[in-house]
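One chain, chain A, appears in both complexes that follow, with chain B as partner in the first and chain C in the second.
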Partner chain A sequence: MEAVSKRQEEKISVRTIILTLSILLLLLPVFSRDYYLLQIFVFANIYAIFGASWDILAGVTGIFSFGQALFFGAAAYMSAALNLSFGIPPVLTIPLGGVFGVAVGLAVAVPSLRLKGPYFAITSLIFPGILAGIIYMYPTITGGEAGKYGLTSISNDIVIIYYASLLLMLAAIFILLRIANSNIGLIFRSIRDDEDTAEATGINTTKYKFISFAISGFFAGIAGGFNAHIIKSVAPDSFSIFYSFNAILGASLGGVGTIFGSVPGAYLLSFLGESLRGFGQFRVLILAVVMILVFRYLPEGIIRRITRHYNIRFGLWSGLKRLRRKSEHGTNS
Partner chain B sequence: MEPILEVRNLSKHFGGITAVNNFSLQITEGKILGLIGPNGAGKTTLFNIITGFTKPNSGTVLFEGRNITKLKPHKIANMGLARTFQQARPFRRMLAIENVAVANFSGRAMRRRDRGGDVLSKPLEALRRVNLVPPEDNLFKLGGEMSHGQTKRLDIARALVLEPKVLLLDEPFSGLGVIEMTIMSSVIQKLHEEGITVVIIEHKMRELMKLAEKLVVMNFGEKIAEGSPREIAENARVCEAYLGKEGSSLIA
Partner chain C sequence: MIEEILIGGLILGGQYALLALGFSLISGVARIMNFALGALYVLAAYLIYSSLPLGVGPAITASLVGIVLISFIIYKVLIGPLREKEAEAALVTLALALMIQELVKLIWGPDYKNINIGISGYVVLLGVRVVNQKVLALTATLVLFTALSLFIKRTKTGKAVRAVSQNIEVARLVGINVSRVLLIVMGISALLAGLTAVFFAPIVVVSPTDWNILFKAFPAIVLGGLGSLKGSVVGAFTIAFIETIVAFTLGGGYLMQTVTFVIMLAVLFIKPTGLFGKPTK
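The block that comes next holds the complex of A and B.
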């Protein structure tokens, strides 16, 4: 089984790449404690989690949504409410925001069962707007257009905030990657590739779509809650299409369906966005041109391009490990 | 003997078109049944109704005596009534072994797998049964990279992991080359010998006549004939509707 042993070596190199990059990021404050620079990294980490949360739903399960900001914004408001009204610390409000994201995710899963493909994608554009509309309706509770201010900061030290965001991002990506490569991830991918075949194979596709929405909502919620505590405020613009597109673009630049791709995608997007600040309103135009160029020349995304170049297979089902072990012992004929 | 699968007075209308019209059929356990008829006769619609993908306007489907008419497709598959589609429908971005292994996580396979059992043994066995393995290289081909003939057999392998009692094959021979047809024939013959009840929709009459013990002819959603391959080939009404004048020449 030559093919198997080849893949075994590949696995090691994926680990090596991820590990090396993680160590470099962990060492960054040793080289620079620049507030502005670290701040960009903090937001990049948040967007990486947010992009990966979109990717598990769209890239892995095949449910394309334009409304990922719904989970982000809903969780941000929930975290803000818990923090401002009950004085609950960020350590709890952020995961609770994630739990609220699960609830919102499950609610959105219902229409997705009837509306397939592009029909759901278009419908999903409206969802964040609906919640933003409700927030405008009750300004006394929600702060209306101005939002709410004065959330507890995670820390006064940017280095600590940096490490918190980095560890959160690494943990989120690690867990999402494990899910994507697990048996559940295998089922998600089967639904993405052909829902009817999956049903005909005895897979309860409805159940697994709910699970995917729940996971996606949780991690998007974590990102939204964390973001709220970084900027120490919430406003209806957390529901803006800008956030949804940020997730989609980050994941797409990195490679849809790779989960890990959201990390380079979000970093690229954040640093590109920052470096173009001097161009004022032309920034979006320049950003769009860069995007078009990237999608033209790297349609499969950064990660897939790299892994293909080094002949690394990404997103392999963990069940195949048994096949490797078998062939090592030479028991496989 | 009680039929393993039975449909009673099924009707299905799409707008003004009647796809299946008061159709009844009994399928005996362990047999190979051929379902033939011109394009648009309602054969695939019948498969879709039996497997829960389409709900009929009236009539019932009974599997092992249980009414399954209103059940969802995955529930029906998990009872041991599996199917393939007319167009081969592999999971295109998944490896062949992954394609088949998905079936391991169906309710039926989960119930039947002994604890600690290898998740790969059944998929590997299924791929061997449909002659996709060996060569072992095939395990690591993406569904989208495989040839049409291979994906047709991949779909059957996936269904086999469910350990089906009844297997519905929608045009298993369509688009296959001569060698591939021989392989497909022997695969279906083997499944039959293992005791699986097989229902085949097919236009390739020569292949079907060799396999099927009984044929049912559909036209305009209705059953127009039922009988042994020889009886069908000599049936004047069937020749007029479908087989053509040389129907009897199909019986070698």
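The block that comes next holds the complex of A and C.
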């Protein structure tokens, strides 16, 4: 009984921590309007969305893609094209980038779904390269290696950009968590854990894999479009493996399959990346070493390790539900 | 032009084949995708470059021994413990490739290097001048493929390798030292990467980011099917000829790459395990 109530306290404290941190993030511009600092947070928010978009596909559905940059880059180019050629404002180009991400997601799902294990891994690694190759092939339309410049900024005020990114990130994580904890999420997880059994229970696994690709493509696309409007340019290197790594590493630092883990993961990565900026030539090396250490020694992620160590259950909503159930149980006994 | 396509395709195919054999072997037997193989190729070339004052023979030996030892360390420390976790192991080897790339950049600088161990002179084949080094490289590829096939088919260790590739648990049950077999396979694939550097690096130049040659070999690897030595070689030469034909008729560069990727996807769409690959579970 004592142990249960202690755990309840801890769960409440986790909820309090999350809420406190969210409020602190919302209040951050009150304390500092430093352009440089806020910019880091903006990128952290974008990468949190990007990481979570990978997590719903890989961590929740078990489709372990190595090429998440495909959606990110494709949407960035689509947003740029809509903005530069038709003068559509960012408020529309970013969601349209997400829609394009869905289209790309569905398009790559068709050849990917039959592939298993290493065949899918290699194909997913190659997909972004194909699109980058096409971009290199038509430099007059796509800007070629130099990319395209002069996208409209979301706002001239970094504080507004900050709030836009923060609200977008909170909304994306909220929606993705709701999906992951819904019936669809349950089906995703059943596909991840045992596809044959899922199929045997009458689930149309192909349909749900398509849905997972579409959701993942949408949020990665949102992140890609937003990023393009922040840096006000697109270049073929948004298809590079570094961007895919960014999503994977961010989600993995937080904990694969938690969705929420991408947030602390992306923040950790962004601030680590910034603090390494002074090291210049060692930056990629250090990131590679961090990646090796994380996947070798901490495959469940830092956040999961901490929460498990203190016996704290993860997941805001599932945690709350469990808490309620536990307390009912507690009063009965 | 047909002669040029033929010769060019053969040389390119040889280079792909050696890398594909190593990658296919390790992923077929140990179910590990070792993306670090491309980086080991680069590292081997740079090790030869640095130890060249010792003479060509000792430089090659030192480099190959070094590469195999490094691959053993990589297996023991990083990949072996992650063998059950395919995705994590693959990510570790990708990160490892990046790490080696950066280390090579720090030690030898970002510029490309000429690996001057090639033999000089040329022969005329079908009216095309072919430098001797290319003939040597192609011959070496075929000899290595034959030797590897014989090793897998005829020797006792080769039999153990086949057993492990079919079913690790059963192989362990019948008393095969699985971790020793996997270590041997790891060493062979690293050795093949090193030998690719020995024979093909003198033809091209080498720069720290060249580990992505493995990416160029992927269509060949996947087309042939993972775990099949014959498939690797057939896939390598098929892709090499397609690339050479595209380069000669439509133009090289990115178009070439896109065409081979699309062909690879088309084959996988029809047969998800490549031409000669065994079905995956």
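In this text, the second predicted complex is superposed on the first by the 280 of 333 C-alpha atoms of A that agree within 3 Å, B and C clash if a C-alpha of one lies under 4 Å from a C-alpha of the other, contacts with A are read in each partner's own complex, and residues count from 1 in each chain.
One rule holds for everything that comes next: contacts are C-beta pairs under 8 Å (C-beta built on N, C-alpha and C of every residue); 3 or more make two chains touch, one makes a residue touch a chain.
Owing to the predicted nature of the structure, the values given are computational and were not obtained by experimental measurement.
When the two structures are aligned on the shared chain, A:123 is found in touch with chain C, with no touch to chain B. By the touch criterion stated above, A:115 is placed in contact with chain C alone, chain B being left untouched.
By the touch criterion defined above, A:190 reaches chain B but does not reach chain C. Of the two partner chains, neither chain B nor chain C is touched by A:99.
In the superposition on chain A, A:200 makes contact with chain B only, while chain C stays out of contact range. Looking at the shared chain after the overlay, A:159 reaches neither chain B nor chain C. Contacts of A:21 after superposition: neither chain B nor chain C is touched. Per the touch definition, chain B reaches chain A in the complex via residues 51, 53, 72-74, 77-78, 82-85, 89-95, 97-99, 101-103, 105-109, 118-120, 136-137, 139-140, 143, 155, 158-159, 161-162. Those residues of chain A that touch chain B in the shared complex are 1, 3-4, 7, 183, 186-187, 189-190, 192-194, 196-206, 257, 317, 319-320, 322-323, 326. In the complex of the two chains, the chain A residues touching chain C come out as 58, 64, 66, 111, 114-119, 121-123, 125-126, 129-130, 133-134, 136-137, 241, 245, 248, 252, 281-282, 284-285, 287-289, 291-292, 295-296, 299.
Within the complex formed with chain A, the residues of chain C that make contact are 27, 31, 33, 78, 81-82, 85-88, 90-92, 94-96, 98-99, 101-103, 105-106, 215, 218-219, 221-222, 226, 253-255, 257-258, 261-262, 264-265, 268-269, 272-274, 277, 280-281.
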